[in-house]
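Chains here go by letter, A, B, C and D, matching the order in which they are written, and residues are numbered from 1 within each.
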Amino acid sequence: MADPEKSIATGIIISNREIFKDHFLMILRVPADFRASVPGQFVMLRREEGDHPFLGRPFSIHSLYSMNGETVMEILYRISGMGTALIARLTADDRVTILGPLGRGFDVPVGKKKIVLVAGGMGIAPLFYLAEYCLEERRGELGETVLYFGAQSSHHLFGLDRLERLCSSLKLSTDDGTFGYHGPVTDLVAGDALSFERNDSTLFACGPYGMIKEMARIAEKFSIPCQVSVEEKMACGIGACLGCAVRASGENTSKRFMRVCKEGPVFDTREIDWNWREG
Amino acid sequence: MADPEKSIATGIIISNREIFKDHFLMILRVPADFRASVPGQFVMLRREEGDHPFLGRPFSIHSLYSMNGETVMEILYRISGMGTALIARLTADDRVTILGPLGRGFDVPVGKKKIVLVAGGMGIAPLFYLAEYCLEERRGELGETVLYFGAQSSHHLFGLDRLERLCSSLKLSTDDGTFGYHGPVTDLVAGDALSFERNDSTLFACGPYGMIKEMARIAEKFSIPCQVSVEEKMACGIGACLGCAVRASGENTSKRFMRVCKEGPVFDTREIDWNWREG
Amino acid sequence: MKDNNSRRLAVDIGGLVLKNPVMTASGTFGYGEEYAAYIDLSVLGAIVVKGLSITPREGNPPSRIMETASGMLNAVGLENVGVRAFIDEKLPFLREVDVPVIANILGDTVEEYCEVAHILSEAEGIHALEVNISCPNVAQGGIDFGVNPELAFKVTEGVKNATDLPVIVKLTPNVTDITEIAKSVEDAGADAISLINTLTGLSIDIEKRIPHLKNITGGLSGPAIKPVALRMVWEVVRAVSVPVIGVGGIMKAGDALEFLVAGARAVQVGTANFVNPRSTVEIIKGIAAYMERKGIDDIKDLIGTLKT
Amino acid sequence: MKDNNSRRLAVDIGGLVLKNPVMTASGTFGYGEEYAAYIDLSVLGAIVVKGLSITPREGNPPSRIMETASGMLNAVGLENVGVRAFIDEKLPFLREVDVPVIANILGDTVEEYCEVAHILSEAEGIHALEVNISCPNVAQGGIDFGVNPELAFKVTEGVKNATDLPVIVKLTPNVTDITEIAKSVEDAGADAISLINTLTGLSIDIEKRIPHLKNITGGLSGPAIKPVALRMVWEVVRAVSVPVIGVGGIMKAGDALEFLVAGARAVQVGTANFVNPRSTVEIIKGIAAYMERKGIDDIKDLIGTLKT
């Protein structure tokens, strides 16, 4: 049995600044023994003071590192409702309660050479951590890391300098054509997919539902394995409430629903029934 | 019809410090046109951020003055539950929403010479403002202002230096005998009451229910008019919810309950049926 | 009628046309005058006044209120000045304001309800009656009129016969099947139905081991009950054809919009008035702004548009 | 049995002795194992597992949950692994923990309830059954077992006949008179009664004008419902003589104490587990600390001591 006391951490905010409209980067001091995490894992975060929002909110770990002997975690997030709006009001020295790291992260297979990351908007959050991991923990073993990054508009394509250092190449797109390819990032991936070595490449994607669904289609069409990070509303984050269901593919399995927080949030696209929700 | 926009003010906290265990003094910047108030009036105060506590909380105005061209209000309060605990966590620059000044304040009669203030614990909150008012607004017209101030223990008797400047004399008591008379402050008042000129004195009291009830008895026994500030739980503070009922004295009145927030919080002790609540 | 934003906000409740669908909830807005310092009363869809009985009532002893999580309990009881004092002392003020006045009425017997209804119908300046049927029927041993379809029918029928004003019947949520009661009052002739009144609740002071309210139990209101209110409104809207007025936990325009989308023809704002006396005005503005943003010209094109 | 603070916290629920009155609420604690990393499960009064049916159920499609003011709506549906998979895959883990396990059971017909009860009674390591009667009875056109005294009686009676384990019947709050249902299940032989299950609620996404939950309505839980739960517990305690277990919005020791003072013999902690996985442990400690402070040696001297 794990040491219970360690499973719920207090994070102390170092900074929580707006990068561009409604998008924030939170940098937190976490306990030194905050358990090592795998990219793609997430945390349930809650304001320590007050009772609002009532439930914790799930966020991917955007980065986790040591600095001046302290363990620091970064969360990249967007205001998308009441909970995130309240979290965005936190300032330096405010405290948050953190459950995590939680769930199943990305599984970077041994021996594969090409890592293809595909981020849609905030989907960059866990993929940045994955890129860091590939470079820092798996250096040498892996081949090139290519990042496809699509967003609404040019100023949504942020952190490019940090990303440039982590990845072999960046392929950018915007919905409004203000930077890079004019159109969905999945177009770029589909266009290049033929050139990926089927047995030597893995796709890792995160973004809005429509985009990861499209990635599932591309993965199937080109027979390239693809891992996606999936989102569903969560109450507990630890597998108890069954709130975060996603429908499993395949008819013969008795388990029709999988828990995003426990079996996921990272799934192989083939594990999921992509008609599980409307949009 | 009053200008609606002016009736709800935003207060910005200058400081909110603990004077002694669980007792706080909040100093607030309020709008310049915060309407002139009479001592004994109160405000409904609510944290601007978040939804907790849900309802505003009533607090007597402890002081209201101009400083460096700004209007400043002071609130003296004690943590007595969830709402006040959350209010106590506010710090400089935090904002509160203020309704007020509300209710009927103390009525310092013209021509009376002796003003007797009787405070039990936090009951000092509005009486301090009343003492200031007597000295500053009614100077010359009134005779001496005597303050009877009783509290649990010596360190609960705070602000004595400021009070000494405002009042002609201070009579102090503590429940534990650590300072002044050992016993309830009402004993001190009862002991001196014979010496008060019936037609020339007015009693003003604020404190716990048992204490103001005792003041009602003393006032009746010695036939000295006594005004008390009464507390009841409040939801609206403006007379709409009928939550803050206090039973009116007299059998023949159709109005059995009066609203503390509207007909009060200051009542002549003879207006109230002192069996209206248990304790 | 078009408001500032040139959106049509007017709705019709059983023949009474309101300039917008936002009213105040009974018992939370006094007799209107208490809020005159805070808002321009004439912008409201309607004012529903505190429940009126045939003779004045003193209500329950204190403590009468207690805050709970995202809500409050009240056991004010049915304290009111009585219908005659209301007409003499409170109504003259309201007559001067250009706003429909709806009188909430209550009684211990069907006869009392009818008498209050009759007296109010004779008075000038009342635009509709709202029948609070969550009162105990003394003749039936104190069982609430509102939990029994037959009693609810009887009181509605009686009031309809006693008045020519539009009759709104206000339902209590403390029932197994709200649609059963709703259909019953519709059959009895109700022109509209409002819901919900408060849920019955209890809160205990564990230091003293006594209830926080002297009356022991009280009525729960505020955002805590909004999901229950919204569910019941949605159920009733599909069960009856008279207009439904949604009440319960409406604090902001978004809350009111949830009720309208669910099918409520109008809404009432209650506890929110205590927290922010300007709530109603902000909600009216917020509804207009939402319609503007969504390109909805007439509120009728919004009401009942929930896709399920 | 004395705990660390040498206060007697043990209570007896229909023959089952719990070391303290704090259990987990069904559906909010998975099958126990999910919380093993956060708390020492053996300190709990009991673990009530997620509702079990005769065959596995897939539950409702997403979205299944939505936060509301001081609470949440869930429409998980009755997703569960089925009683046999529970016994094979989940129970072995729980058997290793020194804690009573209570199986929450459900069905579409009385026969299904009985079959589940029977199968669980044969398995080693189940200490009591909790019958969730807020399930729709398919034979009766989907009307909830829990809203009808006769149906509630039948399912209770059936389960009692199918098992020798103590039978707790869990009531739904969506009824006019909870005491009527409580008396009915007591008459049918229930050894204890737990309440409340969730209140039915609705929440609407006004941007898309769709319900937040795919199932449209869901069950409201959390602090928002505590006053209603407490009122119903207090009503039921005075109406029946079997032990009552209080559930609904318990987040902190103070909340649990309100239920105990109102007369609940034990409590269940539900939604709080989501917000803070260590809630149960903190509540147990808090109850002991309160007793210490108040000089109460035995929890029996606290239960039902509300002065009204």
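Quick note on the criterion: contacts are C-beta pairs under 8 Å (C-beta built on N, C-alpha and C of every residue); 3 or more make two chains touch, one makes a residue touch a chain.
All of these numbers come straight from a predicted model, not from anything done at the bench.
Shared contact partners of subunit B and subunit D, listed by label, are A, C.
Averaging Cα coordinates per chain places subunit A and subunit C 47 Å apart. Centres computed as Cα averages put subunit A at a distance of 36 Å from subunit D. Centroids built from CA atoms put subunit B at 55 Å from subunit A. Among all residues of subunit D, those that touch two or more other chains are 69-71, 222-223. Contact of a single residue of subunit A with at least two other chains is seen at positions 51.
Taken as a contact graph, with one node per protein chain and an edge wherever two chains touch, the assembly forms a single closed ring in which every chain touches exactly two others. Of all possible chain pairs, the ones that touch are A-B, A-D, B-C, C-D. Those residues of subunit D that touch subunit A in the shared complex are 27-30, 34-40, 50, 56, 58-59, 61-67, 69-72, 74, 76, 79, 85, 214, 222-223, 271, 273-278, 281. Contact residues of subunit A toward subunit D in the complex are 1-2, 4, 7-8, 46, 51, 53-56, 82-83, 97, 99, 232-247, 254, 256-257, 262, 276-277. Across the complex, subunit A meets subunit B through its residues 49-52, 86, 89. Partner subunit C is touched in their complex by these residues of subunit D: 68-71, 73, 147, 174-177, 199-204, 206, 208-211, 216-218, 220, 222-228, 230-231, 234, 249, 254, 257-258, 261-262, 290, 305-308.
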